[in-house]
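Each of the next two complexes has chain A plus one other chain: chain B in the first, chain C in the second.
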Partner chain A sequence: MTGPKLEGDYFRFFGYDRRLALDPDDLQKRFYELSRKFHPDRFARMPPADQQYALDATSILNDGYRILRDPVARAEYVLKQEGFDVGEQRSKDVPPELLEEVFELNMALEELRGGDASARGALEEAEKKFIAMRDRIDGELAALFLEHDAAPGRETLQRMRGVLNRRRYIRNLVAEVQKELA
Partner chain B sequence: MSQVFDIDFSAAHEGRVVGIDLGTTNSLVAFLDLTGPKVIPGADGNNLVPSVVSYTRDGEFVAGSAARQLLIEQPERTVYSVKRLMGRGAGDIQDEVALFPFRIAPGSDSVLKLQLGEKTLTPPEVSAQVLAQLKRNAEAYLGEPVTQAVITVPAYFNDAQRQATKDAGRIAGLEVLRLVNEPTAASLAYGLDKRNNGVVAVYDLGGGTFDISILRLHDGIFEVLATNGDTHLGGDDIDNRLMRIALEDIATEWGEDLTASATAVQKLRREVIKAKEHLSFVPVTRLEFEHNGKAYRREITRELFEGLIQDIVDRTLGPCRQCLADSGLTAAGIDEVVMVGGSTRIPMVRKAVEALFKAKPHTELNPDEVVALGAAVQAGILSGDVQDKLLLDVTPLSLGIETMGGVVSKLIHRNSTIPASASENFTTAVDGQRNVLIHVLQGERELVKDCRSLARFELKDLDPLPAGAARIEVKFLIDANGILSVSARDARTGKEQSVEVKPSYGLTEDQVEAMILESVEKAESDFNERQVREARVEADAILAATEKAKANDAWLDLGDGERQAIDVAVNQLLLVYHAGDHHLILAKIDELNQATMKLAETMMNSAVSSALKGTKI
Partner chain C sequence: MAYSNKVLDHYNNPRNVGTMDKADPNVGTGMVGAPECGDVMKLQVKVNPTTGIIEDAKFKTFGCGSAIASSSLATEMLKGKTVDEALTIKNTEIVNELALPPVKIHCSVLAEDAIKAAITDYKNKFVNTKAAAEVAH
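What follows is the complex of A and B.
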């Protein structure tokens, strides 16, 4: 059977040029269309070679959809392909502009863990603040996506990486607060 | 239903694919006809085949309702709820053995074996007997051989449990075209996609397992967003609560520990299940049990019952909430809720589900049959008869490998759409190292000891190189059945690297092959026996007819030589009658037929002439 080559990048597999601002509805539509074409269920009675192709193609399709539908994963994917170093270990350093908030947050977390229920209010406050920050960062990211698509360049990607690191840091904070509040 | 299913049978037909629900308590087989999916009844007219297997004293396997009767008569040769043991090791079934009368055979170290009388069997072999019964039912009903099937499994089944189910199918002589998750299958049966595009939650509480799946329906695509569950939670646990009360009562009233008698326990269990089922329709029922001339009676109100099972119902809600969270949804985002599994007949369960999802659950289809019906639809998808639907399912558990310090590094996260893959590079730690061992685990926890070990994969015959110089790219692939395969490639040479699999639980490929061989031999000897029996029936008929003819006048009309030839043929047939070769019997039947041809003709002629004379013979 014929189909796309099972190499190359996820954007191409989905029929896109490499661009970061993707319309989620359009992406979903393409995902469903490609699934209808390549899913192993469609090849259950075909020769083994065709079945293998369907399995390989669909696993690439699914892996790609998982990356492309998530703006953060998508951006990290492009950064990695461009040779940038992206990884969890970079999120350990506190971004300087957050030093004060993080200090206060850690105090509140300590108090709550120490049995001081009054710290709950402060934590809920902090949760809201960090979620708002994350949403702001998502806005920044969306703007950077458009900037990248208009004129791709390392300088934009560099800034994007900075924003992503900050976002990862805040995401971890939110998760920590939510775990403590639950 | 006909407008719900768009079925096109024009695709070249290569034999039908059936859909099988291999349940903890009951199993069903279904197929797709022009009007939609249909459950195939057994010879007793029942759609449900009890998942009970007995090994009789005559050395025969009995499965289904006949075996359920043997559960009481010969409990030590009979096993039920074996699905609870699928894909599990001898070391991790203590909880099951405490509650169920499983007789674990000695030597169950690497592979779990059950003792049925003098026979020892692995759980897949026991399940294969249930599957073989369903296969026979389908073949008798459809009048054609059935060799391909879709089998359903709980969505939350891990790799080993799935592999064990697939092994069972192969041992039963079925090519398992797909393992499909039970809640997903149920959503296919409901055909909700034709009514609207939306989000559906499927709550599936069966005999021994609980699943929750949330799906997005979009123009015939059934995309699972997330799934969760508990593979050891179901109606069996509810029965056990009632059993405990009854056993305590009996111990007090009769001064007798009933658990000493497996037969008595099974009889009591049957009454308890009856009472439980009754309580779904009436607010109060009586539990009545008689044994050895003693009687035990007790009233059970629904209120008492609900108090007993509250925590079991609550235990299903945690996975539901997690599933919602993993779907990125709240209850408000769920358009429809579908109820599956016999235990969802319990009003308390329905109330709890309705309260959680804030939607009235669908209960139109029989909750015992809906999974099998869905499996038949999936069978239609695979055979090409159903073109407008497609199921996109997920893996229920994260997959990872063991790294330094007993920590699990996740490679494929739970709720990833399958097929899914991940690649990882490995190297060597010492100069000249020839092999690398990769320990693969499934589960959500951080540490190896808290996750479930799937298998150890050994990369063998690496080129000897300085430490760290080798670069082996290992690809982990979860297929559409939710089953893992591993392949490896030397990134320097591009050469395919051999991988040896050592499953942590369950059977090796060689063991499965041996079991298939044994079952094929068994099937052949069964087949042979049946042919001998049929030949003897034919022999009986011709011997009786010959004997009768000797009383006819026509016998006297024959010459001495002709009469002698007939006697010789009769004697020769009698000689081979008890030998086990149907070819011989049939050959001698033929000879007797030849020898009696003249006799038959004479009889026919005299019958005709007497008829012409208007007289009776």
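What follows is the complex of A and C.
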């Protein structure tokens, strides 16, 4: 039985170099091709070792697809592989300006929360603002992906990590304001 | 997840919520956060410059119940302590007092970080004020 080695990273498994700017359509195409290739039905009459290989490959394929198709998960995956702490629950390395900014945004949101129905318009404004911020961050992220792919380096990854941290905060603010509006 | 009664108590009746004047030379401000959970925690101490004793402490936290309870408890622990005593406060004391479950231990770590940040800020100000006073003499 020949097939990609099951160790190694998701990028290699999908036949990519390790790059962050992926074309979602191409990724999907590869996912379908590999899914067909490793479909357990095709291994039903093969030796048990091959059946197991197909099962393991299918599982890696699904995990890998889930990670690679989501730009944020994809970036976090690369950061983890490069030894960056991702998703750590401390403030180490979070720039004070970001904390100040998020604190102020939360304060503003809290003020609107306590208000009556008339606050709704302001909450909707806040929602728009947070979503616009998130979109801007996604734009920054896409630019960093290209920068990384052109010349991979820790400095770019470091900045990417900062952008991802900020995105988490803004994503939470979006969720908070939407909960309030629901 | 069930919160302990002590967490609920601090969450429902947080002590010492508020802010103090950041520009006050006797006030130390610590701002910390955990992007993963979206938490931001601001903790402030007001120190008597002659005795070095923390006379007041305030906090404002945006985050989960455990993060709010941890910072609320931290402000209670700080009052009456000297700045050096405050630096010895360990997150485990908060964990034990609030009976925090393992998944919420990071909230107590955040509170410890906030204490250290606030005290450090105060100490830096103190040194700078003294240096400025000496220059003036």
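What we mean here is this: the second predicted complex is superposed on the first by the 154 of 182 C-alpha atoms of A that agree within 3 Å, B and C clash if a C-alpha of one lies under 4 Å from a C-alpha of the other, contacts with A are read in each partner's own complex, and residues count from 1 in each chain.
Quick note on the criterion: contacts are C-beta pairs under 8 Å (C-beta built on N, C-alpha and C of every residue); 3 or more make two chains touch, one makes a residue touch a chain.
These numbers come from a predicted model, not from an experiment.
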What is the contact status of A:L55 with respect to chain B (first) and chain C (second): first, second, both, or neither? first
Output check: A:Y169 vs chain B and chain C. Expected answer is one of first, second, both, neither. What do you get? second
Taking the superposition on A as described, I'd like to know which of chain B and chain C A:V102 touches: first, second, both or neither. second
Between chain B (first) and chain C (second), which does A:Y32 come into contact with in this model arrangement: first, second, both, or neither? first
Applying the touch criterion given at the start, work out whether A:Y65 contacts chain B, chain C, both or neither, answering first, second, both or neither. first
Winner on chain A touched-residue count between chain B and chain C: chain C
Tell me which partner A:T156 touches in the superposition: chain B (first), chain C (second), both or neither. neither
Contact residues on chain A for chain B in the complex? 28, 32, 35-36, 39-42, 44-45, 55, 58-60, 62-63, 65-66
Residue set of chain B touching chain A in the complex reads 14, 177-178, 218-219, 221, 223, 378, 381-384, 390-392, 416-422, 477, 479-480
Residues of chain C that touch chain A when the two form their complex: 31-38, 40, 42, 60, 62, 106, 109-110, 113
Chain A residues touching chain C in their complex are 87-91, 94, 96, 98-100, 102-103, 106-107, 110, 164-166, 168-169, 171-173
